[in-house]
Amino acid sequence: MALRPSTPEVRLERMTGQDVAEGGFDKAILPIGATEYHGPHLPYGTDTIGAEALAEGIARELGQTIVLPTLDYGVSFHHIEFPWTVSLRPETLTMMVRDIIESVMAHGIRKIAILTAHDGNPPPAESAARSLYQDHGIEIAMIGGWQGAARKALAGTWDIDLDHAGQSEMSLVLYGAPEMARIDLAVNQPNQGMGHPVSIVGSFKGTVPKGYSGKAADGSEEEGEAIVKAIAALVVPFLRDLDAHDWKRGSWLSGIDS
Amino acid sequence: MALRPSTPEVRLERMTGQDVAEGGFDKAILPIGATEYHGPHLPYGTDTIGAEALAEGIARELGQTIVLPTLDYGVSFHHIEFPWTVSLRPETLTMMVRDIIESVMAHGIRKIAILTAHDGNPPPAESAARSLYQDHGIEIAMIGGWQGAARKALAGTWDIDLDHAGQSEMSLVLYGAPEMARIDLAVNQPNQGMGHPVSIVGSFKGTVPKGYSGKAADGSEEEGEAIVKAIAALVVPFLRDLDAHDWKRGSWLSGIDS
Amino acid sequence: MALRPSTPEVRLERMTGQDVAEGGFDKAILPIGATEYHGPHLPYGTDTIGAEALAEGIARELGQTIVLPTLDYGVSFHHIEFPWTVSLRPETLTMMVRDIIESVMAHGIRKIAILTAHDGNPPPAESAARSLYQDHGIEIAMIGGWQGAARKALAGTWDIDLDHAGQSEMSLVLYGAPEMARIDLAVNQPNQGMGHPVSIVGSFKGTVPKGYSGKAADGSEEEGEAIVKAIAALVVPFLRDLDAHDWKRGSWLSGIDS
Amino acid sequence: MALRPSTPEVRLERMTGQDVAEGGFDKAILPIGATEYHGPHLPYGTDTIGAEALAEGIARELGQTIVLPTLDYGVSFHHIEFPWTVSLRPETLTMMVRDIIESVMAHGIRKIAILTAHDGNPPPAESAARSLYQDHGIEIAMIGGWQGAARKALAGTWDIDLDHAGQSEMSLVLYGAPEMARIDLAVNQPNQGMGHPVSIVGSFKGTVPKGYSGKAADGSEEEGEAIVKAIAALVVPFLRDLDAHDWKRGSWLSGIDS
Amino acid sequence: MALRPSTPEVRLERMTGQDVAEGGFDKAILPIGATEYHGPHLPYGTDTIGAEALAEGIARELGQTIVLPTLDYGVSFHHIEFPWTVSLRPETLTMMVRDIIESVMAHGIRKIAILTAHDGNPPPAESAARSLYQDHGIEIAMIGGWQGAARKALAGTWDIDLDHAGQSEMSLVLYGAPEMARIDLAVNQPNQGMGHPVSIVGSFKGTVPKGYSGKAADGSEEEGEAIVKAIAALVVPFLRDLDAHDWKRGSWLSGIDS
Amino acid sequence: MALRPSTPEVRLERMTGQDVAEGGFDKAILPIGATEYHGPHLPYGTDTIGAEALAEGIARELGQTIVLPTLDYGVSFHHIEFPWTVSLRPETLTMMVRDIIESVMAHGIRKIAILTAHDGNPPPAESAARSLYQDHGIEIAMIGGWQGAARKALAGTWDIDLDHAGQSEMSLVLYGAPEMARIDLAVNQPNQGMGHPVSIVGSFKGTVPKGYSGKAADGSEEEGEAIVKAIAALVVPFLRDLDAHDWKRGSWLSGIDS
């Protein structure tokens, strides 16, 4: 769901063969979004917009990195009670990721990251990555949990929430696709309590009856930009190290000499 | 890969819960594209742009019809020899389509069409539709082959080609996402010969060594608009009839009384 | 469902190891039929008989070509409302075709055609062919749509219908397995209207309440023979060209120089 | 691979809708064969011919029983080293059986037997039966091992072997499809030793280098007929009991009162 | 479910890397059990205990043989009507076996046996073995049916039953895990009748309403030990032969010269 | 891999039908372990022992809770370079979990937790839980990450490491299965560095060349007991709340009123 032209362009679906040939790309990021109810005030593509904005931010900073078309669909069955939410089964997402990455590998690319921006997607994406490692020896970087990471990184500057369709998601949409954010319709809700010792797989409606939580009305494009920059600042140096080690886990990661 | 704002909006990923609630939608179209080399002059998302433009044209004319997020990936392994082409396996696309439509059905929607704009996609999409019919009794409308249909419908007015990355695809991109068309880089090629009594599943590069054919340099936004209107004019009255028959095959189709 | 002895024998299931060793076969055709209600007047194996007769006609003309045992079962769920119709799921047929062709390839055979004679079978068969191409680089010839092809080829001589259990199917059974045709029970029905811009996957009973259409009572062995000869005349020269190009798609197909 | 007309006809693929309607069938047998090298003297369809002949023998004796089209393909990879042997993967055969039986159940038939005539087929057929029981509560009768059963039943009258492409298989082909048996080419081989405490899944060629064993030259149509009659005599009374108990396992089987 | 320390240790899960390195193992046995109601008097792990005890007996006698962790779950849906019975689908067990054996092969081990101790498990285990042979050429030894084999081997000494939760299973638990056998709760039942010409896949409760049969109260540790020794005495010499032939089927098995 | 008798018994495989009937169980925990190299000093079943000890600790404290047989195999391909490590594919583990839980549900049990004790297992276990929720509406509690949870809970008392085959795992084995811990062979290693912003799916050997890290020689049974008690103290009150809410996510979790 590529939205805005960007300079330089990094999104594969917007480039021609000429563009790609000139780009000298040797790395790829696959963003995974969702199609999911996000209240009256945020679009169904909110997670897709977020995944794409974050992936673009990282790719542009990292360099020589193509952003593959963002998957618009994720594992969202826990939101199915809300209208028009669409969900893949976990195994379908696993197969999607496998096929896409095997295609990219067919072009000699082996430096690949997956970026997830929705809580149902990391398990099937990781299952795909594990199968790909087993079958091809490829080691894939998994980038996820942007809300928690940004919350920690920006503590003291911005108070990033962990809500669904709340302030931080509003900010990211205002940054990435402002024409789709209906901040005029946002009515602030309580923030979700978090951090239970046991997670329960089940209905989001059970815990958040309206289907959205947090202070969406307080989101801002500035916060969105801060989030994208913070995540890029966190991730890119790590990926540069990884790149320097031929994109393979090594003893530099554990601090244990080989 | 929703590109341009449109009025009224029909694309799910760009709408909020409020938009959807106000829209009174009872029908859905799922467009399926591809991520595939289209020469130096057309973007990798060409088939996605085409599928989306056609689906929007139909949805807006038909009314009360939502356009689901276009699948950016299709079955394109016959183009894998060209750089950065990405392909799903047929069974993966089948599962994607199944999951998406079962989700939409969970919201009480049973009037559903699938629109394919790339030659590798109809078989796995039809396999999904057949399984869905078997499991749920739902009857799905399959819209495909826009080049042949437009060629026939516009004969005498426009000479629509059947090429890959040729004139008609250039026109559709000029209409749907003009900023991505590099018509300046288009160099006309011979048109493909067509119409063999046997089709062969295999390398597109074998038959079209450069990976693109036809007169892309002669494409135009006007032709693109004509194509979209012609397909809508062809398909929408049929879908209205179908709608009037509760979206079920009936004797009106065969002309045989029950 | 091999029915009649034939000279020379081309059906694998009827040959011994000695026969096969002497035959010098380097090509294979896999016919796919169905087990499906065809009115009171035609047998459940009608599509199997047709597929087998056409495959034999082609194989004998082409030479050095073995006919593999015809699959008696196809994707026929759209006829399940009629008694004793049996249907595979599309994915099952896909797997069948894959396994069979991988076995044939294990014997060094790479010149392979699939012949379908029932409208539910081409999509899963093509999905199999695409997977086989992806995994093994093999390019498979797909032969289908005999009614439309024969209608065009025989125009002016015979008026070939497109019906289910109608005149052309009666003719093919009268030619291939006359003892199973109950032409005495055939009562002519209206011909089906055809050629809609959108196809709908769903109940055949919806459009053809009796489960059969067309002028079965007017079928004849002569028409059946004409159909088999016309299809062979259309397909065999093409397959000879293909054979001369090592059974691979090439620029001779598109008319574009490499 | 229905071969010979028979009276009364019990094979579905040879019957029309009228025939079936008049037959009053409430039971079905699914025979499973194979496409496999059987020496220079027996056809590739030997196991298919055998399965079909046995199923017909049982069906005709049992009454009101339809014989579904015999599966021509089985799990034969242990013979793949011999030319033109074709094998399904076990999971493919499992799916085939599932789909076919679910179709038959759609017509209200719940009295179903599976007859296997090749040693690779019982495990995947039983896996299908177990899944069908789990999903639908249907209890399926499994008929297999005709060589061992006939050997015991006919002891003192005929000495039935347990060989591959040996005397008993020659006899069954001479009975069921005599025009395909090349007894003139049969050269007697040693009988296989049998009865090891551990079975090994692997190459048949390893143990039987020529790919066939036993005294095929001594086969006869009379022996074939005796085998078919012996199996029917063994199986039919049991199936009658089963039929009397609504085709369900019951305490009559264990001799333990409920 | 490793129960008792043993000397020398052969169970992988109880050994450390040091133990394994010192053991010089070049063969592996995978035992497969079940979790299934076995009356008031025998534990749910009865089949697991039996499989493990038999595998240990064989491994210790054979030498250089590791016992992989016993699968606690098998295909037991025919017992699901009895409380807390747990069943895998056949295809799940097939995949388990495949994955485990492919892992063991990754360590260079190709001498592998599978031991089943429950009647639902041999078909899916054999399906796995056939796929592994097809994909890797590995030939796997299948050990099953201990009750029948022990009955024959010990005839005249012990009268081994074929019952579920009866005397022989009680004996095996008394031998392998005595603290779990509640012989005080065992009430003798009739023995099951056996040996029908047709087997029926379906409810065990149908034939054995209480869910257990036979003279469990008469079981003894001595009988259990006799069973384990008898099976080892039967199987180990065969496996030694197999080992001497590089664990491959060969003409020594059929008695036919190559 | 049930190891020690315990009072009261909670492990299904060790109980008879009588034990279970008397237990009044309405909840179940499924522990998932692994079979994986853990250095010269810890057994291959280390993760299985840990999962089982933690599950037992929780079950006994929670009451009316059965511990299902621990899965001995997990997703361990990242350790495959170390001898005799065995790994399932992620999709196999997903299917195992699905089948087991569907069986338990067949007995009317809907209060179910999954406990994972190895880093490869949570994604496929969660995929299973999501599918089960989609298909049956069941909400499953996921317990994982015992090292991190214990580290936080015991901070100030015990310094719990996050290592593989290090101090905390040694402690858990000393507590759960002391006869298998070879603390005499433990040689302390550096602790792993942790907490990178991006995780990489790939070879454990890459980051930890010896295959184990941390101060295993400093483990103790006391630490093991402290860990088990800490996890139970953390989890059990939460599960009691969940139990009080009919084992369903509710607004008590988010702190947002419905």
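What to note about this one:
Order as written gives the chain letters A, B, C, D, E and F; numbering starts at 1 within each chain.
Basically, a contact is a pair of C-beta atoms (placed from the backbone, for glycine too) under 8 Å apart; a residue touches a chain by one contact, two chains touch by 3 or more.
Quantities reported herein were computed from a predicted structural model and do not represent experimental measurements.
Listing every chain that touches chain B and chain E alike gives an empty result.
Any chain that touches chain D and also touches chain F is listed here: E. For E-F, the matching interface among the pairs A-F, C-D or B-C, defined by over half of the contact pairs being the same residue numbers, is C-D. Copies chain C and chain D of the same chain sequence form an interface built mainly from equivalent positions, shared numbers / all numbers used being over half. For the pair chain B and chain F, the distance between C-alpha centroids works out to 48 Å. The centroid of the Cα atoms in chain D and the matching centroid in chain E are 29 Å apart.
Shown for chain F are the residues in touch with two or more other chains, namely 77, 80, 87, 89, 91. In terms of which chains touch, the assembly is arranged as a closed ring, every chain touching its two neighbours and no others.
By the touch criterion the chains form one closed ring, and its order from chain E via chain F is E, F, A, B, C, D. On the side of chain E, the complex with chain D involves touching residues 75, 77-78, 80, 87, 89-91, 94, 113, 120, 122-124, 126-127, 129-134, 138-143, 149, 189-190, 192-193, 196-204, 206-209, 213, 234-235, 238-239, 242, 248-251, 253-258.
Per the touch definition, chain B reaches chain A in the complex via residues 1-3, 5, 12-21, 35, 37-45, 48, 66, 68-73, 77, 80, 82-89, 91-92, 95-96, 98-100, 103-104, 106-107, 179-180, 182, 185, 211.
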